[in-house]
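Mind looking over this structure? Questions follow.
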């Protein structure tokens, strides 16, 4: 039985793609009709036995009573379910290829305050990791630079395209690492006093930078931007202090979260909290602030040796139940494909299936201000979606089709290619 | 104030006073996943004095045994991790390319709270390994997660075969060739280091044999070869007393070690990580070498760039005894989920997938006659889940080692440390990052400039 | 981050590597005593635990206790110590310490990295042929520090490595190192500490190397004895002084004194002993309570550490102050408070284990004394009293400081009690010793009298107090994860207006200090080190007379303990 399925699969792949090893075949564009499907719209419930039309990169129609346009390629989705493409709210995908090799790492630039450094610039459209990730149904990811206080500007990308601009999914945000008061590890033997001092110093620096940016914005407004000296750091921060761009605040420890909330309120910044591994400790406060959260990785160890073992699994759910708007991220590169499993663990440990699914679809789209394009199956939205054999959180579920920007993505990656080549290797043991 | 006191009292009473190491327990009415004999619905598992004495329906509770109602639950053999660095105070003696004489069993840390976190993932036994800094690293230790015991001897799985860590590829060449300017700097050098070590051990053995043969003779004046613990250990490998567990990634290096072992008559060999094992799956199967792999880790270094998550499926379908391991204090908490990935990537059956984390690692560690499946006569190591363990919604509810409940989701305290730090400043809003990846632990001093 | 890490390491190295010679010279210009006869008169004499003479007199002559009793005639040429209402005890014996043994200097190592796997014995920390005896210095600060506390003898061992050398029973006083020695080759000192950067680097390396050496030495010793009995036709044995130094251990003429602080260390040492079969004594044990059965099984005597975690006093609830509002607050602790309370309760429980441990050892009948390797001299007495509060009787405590170590170390005939014929090692305390307010007034070491003034209660260290006079040259040492470092801080001027320099001996650099702030007895300043990039190092010194304790911090990377003393000039 298994063998049959496998053979059919291989045959299907060879027929549909005319595959040459080592190359990922091109995606296919056009008008598609996905018929007889269960459709999880996320925002408008579940449609049984529905049809979904993809045209011009958009979801042209969705429903039970949909006529199929002429020339549309019909894909029978009987027994299958359509979901909006999954969105990972925090990764370094595209910036890092082989993490141990510095020549393939472009995620961390020199400098402590470099908000003008653009992640989108260094997104490698040809990364081997993109196909590996998207065939699991993850169509979109926020890719973030890392490093000092303001390590750069993050960008939301779709995992298909031949230039960064083709991949760009309409959201950018300035990343900030909120000054941490915790120890950095076992070797960090600073006294409590010194840790406090260092954090205060960093906070002062942060406030200085912010004050400068405000000043820059005022002068800019007063002069209409004329005669401003070249100051890319301030250029990059200006839309943030003006509230025109989101500030992505990385923060994890409970008291740092509290301090960050206070800081954000004081400055009136339009912020998103990222990481937030101890969010469960201060969930009420976060909820009160109405500041949204992108949390993860869910699959991680407790932050403290005395914490209950399942805190990281339960964190997203605990915040969501307290009223926080919670999206889930992997904070990964080559393992972004495991996003549904992070959400699945959150679902099992208190968040529930429905909310966990939202946390990797519509919620991140809303948080990033792109819910008019992404995050649900709705007419007029960008056709980022996937067709699955069942519950996308379940480990064994097979993803059958993936569409990004309306492109029918070949279900091929390095991993599937090596599988095909080596499952029944020829020659075998004998030459 | 009263309330606080009660809570404190509860917490304190939850600290450990576990004197006995073997217990009796009856697990009633569960769906029993035996792994080796299929799935049994509404079945009881009786453990007496640490051993599975009966699997059947309607068993009665012997006096003194605890009863666990597993109605609606899934009962599987305790998960076995064939590659872990948990519960160790030292992982790498990275100062020499060959350190066969060292033994991580000397550095067991029964107080590691990571053990409890692993128990909370249904794991009952693990192979605590030396790191991968050396071509021939140190000896490893197969442990049972008897968390709560202080005596490291009670962590050991007494009677388990001896094992030793070897390492090929980037790590040993980087540490010694790159860090210290000595052999090996390349995969060629790794082969030579291993071959020459075996050769020396062979000569050492022969010298002892001839000394021992002459010793009894009248008027014998000979001098014994100088005792050398390293050579003694290597000789034990040649004699077949130690299973080699070799850190490896690329197909060529995997193939190389099989050849070397064959030349020296060694037949106990398991490859660890073995990301390109799928490329030489027929060779591995023919040789009889095991493969203990990650479910889907790849691309974290160049030698795993050409990997596939279908590795488990290809190896299994080619007849290689395959396990999925953690090598991580994080992954070890959800090996059941890692095993399920073999169903996503290659469609393994439930029993095949569960074998990857139970009977197969047991085989690779030489303990399959004692653990790794639910069979009468085997040791009472059991994990109980609220859902099928290969489902994403599975939550481990209880973990039993030798008939003693060591993890109970419903009843355990939050803080499960055995020895709290007496000097730590208690501030619940403080945060400490934990270190997870330990395969190269104790080698940091070699890379001060990188 | 990575770059900064490596820069940080360089700074540490700079601070650590290369040590300036310690310039302070001891200048004990005491005049010769006028007599070698002393009489301690009218004292309560605790001859041995549980054996007391009221209004007794002790006669000392030439370092020996001549007589003890209540009706003793005092010779005319004796120096009389009027000890009315005072208490006399046998001098304390430290079961294991480095007292009097000079710390080896951290040498500037330029290792050949190709030899990290096969370093010299010396470099590997394997020097069983070394002897504490050869390293003794009566002017070492530890000698006067511990003598002041009532210690008159110590089982002292060398400092570094897995096999640092043999221990000696030494007196805490003497004209020179040799005169301190009571007996030599008292033990083979061992510890589970690896060599920095070379084999054996980790505890697994040390354990393996220990087995390897031991068995090599056994084999060599056995062959040597065969050869000695009839060498005819036999290959000449190889000579190896390091292995030969282990022969007495293998022959069980010498006991291995193994330092084992944590419970895991204790279990590891016991495992090693089980493997190899040597005679064992455990020292500086901090976490032994769960290992009592295992220790008992070996029959090894134990020296328990008095370096204990800080005792946390119960917060005393003030009675009559529970107005309703507060009550309500108490009944509804926030989850955060509840968590904190629970954690604190667990921590207290844990701390208590350290203090009840001696009492447990006593109850379970394990032979033990106390060791003083790590305890700070200022903490000794308060820790001891807390241990007594937590289940060790005063008599047992006294025994653990006198008769028990004497017996374990095989010097009972010489010391440990106040009996005629024994060495005149005595403590004279102004009241019963095991009370908080007792002060030691005299200590006799080998008949030599040391007198101590009762210090007026020191003012508690308080910031904002009178500014300390910090001028002078301070020799400092600091401990970092990379090793130990040292140098000289020179402060000139007056409080509020200090300037000066600090040396960092690696490159012989002398650095200007800046931002000197004096706050009570605390002096802090910073200096900049040029490492290609400028690194700011901050120093904080808490000065107490001519010594200080403090911290050295490298911006945002860490803070490390430092201590030092003022050069008396």
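Should a chain be cited, it is by its letter among A, B and C, assigned in written order, with residues numbered from 1 in that chain.
Please note the rule applied: a contact is a pair of C-beta atoms (placed from the backbone, for glycine too) under 8 Å apart; a residue touches a chain by one contact, two chains touch by 3 or more.
What you are looking at is a predicted structure, and each value in this text was computed from that prediction instead of being measured.
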Chain centroid nearest the full-protein CA centroid: B
Higher-contact pair (C-beta pairs counted), A-B versus A-C: A-B
Longest centre-to-centre distance from subunit C, chain (CA-based): A
Averaged-CA centre spacing for the pair subunit C and subunit B, given as whole angstrom: 40
Whole-Å gap between the CA centroids of subunit A and subunit B: 34
Distance between the centres, which are taken as Cα means, of subunit C and subunit A, whole angstrom: 56
For subunit A, residues contacting two or more additional chains: 281, 306
Multi-partner residues of subunit C (each touching 2 or more other chains): 336, 343
Shared-contact residues (touching 2 or more other chains) in subunit B: 414-415, 417, 420, 427-429
Residue numbers on subunit A that touch subunit B, as the complex places them: 2, 5-6, 97-101, 128-129, 180-186, 192, 252-256, 258, 278, 281, 299-310, 333-335, 337-338, 341, 344-345, 347-349, 391, 393-398, 414-416, 418-419, 422-423, 425, 428-429
Subunit B residues touching subunit A - in the complex, by the definition given at the top: 113-114, 116-117, 120, 278-279, 281-283, 286, 296-302, 305-310, 313-314, 317, 329-330, 333-334, 337, 340-341, 343-347, 349, 390-395, 414-417, 420, 425, 427-436
Touch list for subunit B against partner subunit C, complex: 1-4, 7-8, 11-12, 15, 89-90, 92-99, 101-104, 106-111, 130, 138, 150-153, 179-182, 221-224, 226-230, 414-415, 417, 419-424, 426-429, 442, 445, 448-450
Residues of subunit C that touch subunit A when the two form their complex: 1, 336, 343, 481, 551, 553, 555-560
Contact footprint of subunit C on subunit A as seen in their complex: 108, 147, 187-191, 194, 198, 281, 306
